[in-house]
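You will see two complexes here that share chain A, one where it goes with chain B and one where it goes with chain C.
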Partner chain A sequence: MATFFGEVLSVFSRAVEDEDGEELVEDEEDEQIRRELEEKREVHLHWNSEVSESLQSGNKLQCSDFILAVGHNAASFLSVYVLTSSSWETVGHVSVWNERTKASTGQSSKESACVFHRNKDDPSVLICQVFCYIADDQLFQWTEKVFACLQHRGLNVTVLSDCSVTDYMTADHLCTSSAPFLRSLHTGVFSGRTACPSLEQPNIITGLSASVLNHCQVYRIAAVVYQCYSDVNGPDSVSMETFKPALAKLGKSIQLDSSPSTDVLRKSVQTTDIKSNLYI
Partner chain B sequence: MSRGSNAGFDRHITIFSPEGRLYQVEYAFKAISQNGVTSVGVCGKDSVAVVTQKKIPEKLLDSSTVTNMFKLTPRIGCVMTGHSADSRSQVHRARVEAGEWKYKFGYDITADVLCRRLADISQVYTQNAEMRPLGCCMIMVSVDPQQVPVLYKCDPAGYYCGFRAIAVGAKQTEANNYLEKKLKKKPDLTEDRTVQVKSTIWHCQQMSLSSITVKKTTTIVLNGPWSNSTPSQSSGLKDKVKGLLLEEWVVAVALGKELWVLFYTAF
Partner chain C sequence: MKMFIASENSPSFFKEFTLVMPAVAVGNVAQLAVDLIVSTLNMKRVGYIHTDCLVPMAGNNPYTTCKEDAEELHTPAEVYSAPELKLAILQIRAPVIPTKSKKFRQLIVSWIKSSGFSRTVLLSSSHAYQRDDQQLQGTPLRYLVTPSLLKVSEDVLKELGWREMERVPVFPGVTDTNAEPHLCIPGGGITKGLFTDSCSEDLPLAVLLLFCSEGDNIPDAFTLVNHLNDWLHLLDNPSQEANKWKIPNSWRLLFGSSVPSALF
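Up next is the complex of A and B:
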């Protein structure tokens, strides 16, 4: 099937004979497993005491800039270039479990998979790093719960995310030789200029970035997503550097470390677990 | 395109990268999940069952000619997940190996030996520069009069192992997780329980927003008496299964002392 944009999708016939089949009668054991898994897959937000007190008394987090980094390169970019200075404190984390979140050598505990940081000098800037994979059924929960804690007025959201250049569709095949590169998408109320060209059709953004962008568009929050298309699968320092122009606009509130320490860089590009039994 | 610590050529052929990885073989694993199909196999104490999905990409296609379940010997069957052309090549090779064994030694090859042979062949593809690894994974099932039913998986890396239950394909992580929980509770599966592999598939459908939409699922209940059925009763079995079976599933069941491969296709 060819879509409006000219891409060819393989779709599967849903021609079914609608017989009067029985509904699945699950036995108790299956139900119990399903319930346990559903409970485990719930997304939970944990804030530090100061923030949770303020939230409980009904005040949302006063935030003018929310920066979300989805994916290893984006999140490590923030770790290496922004969070090395001492003016950032951890204010909370999200615990999210799905079948793909196995404890890898990089992350020692669940807390480090999805963390919130706030600038002590300028508490209106909030950073969130998401290292872990968030499953399709958890995206909505994550977005709703996080944005329920932030006040929407005057909020600017910047999302940094990774993608593989093999997913990038373009008529000009030579442009992929310039990988890694940035592309952006923003909501209707976003008024600034983006640091890179807009994402061309028929490419789309998926996952947590899409969920957040969607939420912001619906609730009329100014948001922009910067997607980095990288030719290397896995953490890579050159791809991380590509994000620099995205945060340059926020220069007042976010100081980018011009010469990151090699130790931090090395730790962040350590190979994550390889999902196959090839090396058993 | 070559950045990082390699000169790029190790991504094109199977030689080691500086970190000791074989990129081509890793990519072969990704190729298995490309078409979005998941297969699940469960082994009990007296039977073994595998279930897979069937994708019918066009309405004009004659679905009875499409299958990814194959019989290798009278006692060994398999389900292939991944590239269908590579799958057929591997099945053909398996049949040739089984035939040669029978010719040389005068008795049927057993599943573990056949699986090891295929795994050895897959390993060669991870070394030879001229042959790429196959983008498919085989789940092999067998019952033998002298042995218990077995379930083996053989993957492009040349790794093979026997399993009590295994899932391969796009949703394998979720399915394996579910199977682990299921087997923890009931470690010894009898015949009717092995076919509760359907609950795993149903669970995967609920969990994921996969590209196939399956409207309903049914319980496949196979009770004890059929394990001793003669072939003349097989048509009755087929009818019973037909009444219960979900569209798009193809089920193969190894029952009792003989391997019956029921190629039930629902369209």
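Up next is the complex of A and C:
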């Protein structure tokens, strides 16, 4: 699609699949390759022995608050402000393989891409940090598999997610000083007030936060997504701070660290690879 | 897995209803046309199509008219109903995941069958630049009907004087082949697949499509929805009053944010 100024935009909703009528005829080998790829792209959940035992005996995870952080700013925010206290234990992770998974990464970094933490004092509070990319065809499966482990009664879902301010549409032109800012979107059964204005039409959210919100809307689970629109390319401490009011809403179940650990902060900000060497 | 999930307090009953749904195709014309119907007839959402075949997305109410109804979550595929018109609409707001288009078609066909719709109208579009010589002439609108719908709607279709989608030769320019002319809907997404599936499953389905190009496709959406209205009479004489169709709130900023005036 081209704008009135002639530059070509790739607009999400206009993606058209050109099958060109004919469906490809597959031979046995093609089919095998396709099947193997599909298997490789499957989403796997790994819980620690205690959780998996209880899941196997048919008991779902008793969870009052599930906090999901998608993207570097959101996930690092939890690392810096919440997970620094000693009351959190790692209880599991999700492994996902797709076209953006780096071939050279070892087991350890793969495991740290989607991690579950549980509060030791209040085991009904569960946190999941998602640092990695999850492909379109894996989002639904990720959501179904994770929510299949959680008890739905009394469950409150909070999703923190970040994206670029260029994805935000508004009739008033944004001045550069307004970013980063927060917008929310919640399911029908969510009661209470959100910590920020609601996402205005025609803006939409996509990716894992959309997938989780769809699931919660359809199965009537109280859920809210806080989307941070940031103008910095990569994790930064100012964008992370915008999530503070969102978690403050949760009250007692989550304790925010008033003085974030600078070491953890430095580490999380440094994790982005330098993409260009032009100005080095 | 159950694909259709009813929303709160809305008994879903579609027996003898007409279903109108879009194909995600060139210029999103069909989706825009469906938006016009839902918005104009003020239709109520009665359920969701919850499937792994569509790319997930979520947003606030696209048909909002006041502050009170703005904060209402909407999902990639939803079913709307107008019982007094015996009309149901399936709106699809996201692309189909490429490897799952066959599965999606099967899901749609089985849902249509189990819901008991009397007929289904699939709105669609196709690349204007890929028309052959015969298709270049006259109206850009075409239709297709499955044998089981033709049986009951033959007279009406004759009266409307619509043009059927032409079958094109498999090898254009080569005359001495035995290859039968085939149906070709480039840029039409699942249109052709769903039509052929419906033929073999004996489903009463019609395809209404428009040749168009990517760009500002709002006029195309009006053309398509007026064309559909000639048949289904959802609105009386929409052409007499130019804008009887109500443009939904979500159509704002279709070309992105406004530009800073300091630029000029």
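The definition used in the following text is that the second predicted complex is superposed on the first by the 232 of 280 C-alpha atoms of A that agree within 3 Å, B and C clash if a C-alpha of one lies under 4 Å from a C-alpha of the other, contacts with A are read in each partner's own complex, and residues count from 1 in each chain.
Keep this in mind: a contact is a pair of C-beta atoms (placed from the backbone, for glycine too) under 8 Å apart; a residue touches a chain by one contact, two chains touch by 3 or more.
Bear in mind the structure is a predicted one, so any value in this text is a computation, not a measurement.
Of the two partner chains placed around the shared chain by superposition, chain C is the only one that A:217 touches, whereas chain B remains out of contact. Touch criterion met: A:173 reaches chain C, while chain B stays clear of it. In the superposition on chain A, A:185 contacts chain C only, with no contact to chain B.
Ranking chain B and chain C by residues of chain A touched puts C first. Once the two complexes are overlaid on the shared chain, A:200 sits against chain C while remaining clear of chain B.
Looking at the shared chain after the overlay, A:137 reaches both chain B and chain C. In the superposition on chain A, A:33 makes contact with chain B only, while chain C stays out of contact range. Shared interface residues of chain A, touching chain B in one complex and chain C in the other, are 13-18, 21, 23, 136-137.
Interface residues of chain C, counted against chain A in their complex, comprise 5, 7-8, 24-28, 31, 48, 50-52, 55-62, 64, 70-73, 75-76, 93-102, 182-187, 189-190, 192-193, 214-215, 249-261. Against chain C, the residues of chain A that register as touching in their complex are 1-4, 9, 13-21, 23, 136-137, 139-141, 144, 168-174, 185-188, 198-211, 213-215, 217-220, 225. Residues 1, 3-4, 19, 21-22, 25-26, 29, 55-59, 61, 155, 157, 159, 173-174, 176-178, 181-182, 185-186, 196, 199, 202-203, 206-209, 211-213, 215-219, 244, 246-248, 266-267 of chain B are the ones touching chain A in the complex.
Of all residues in chain A, only 10-18, 21-27, 29-30, 33-34, 36-37, 99-100, 135-137, 176-177, 179, 231-232, 236, 238, 271, 274-280 touch chain B in the complex they form.
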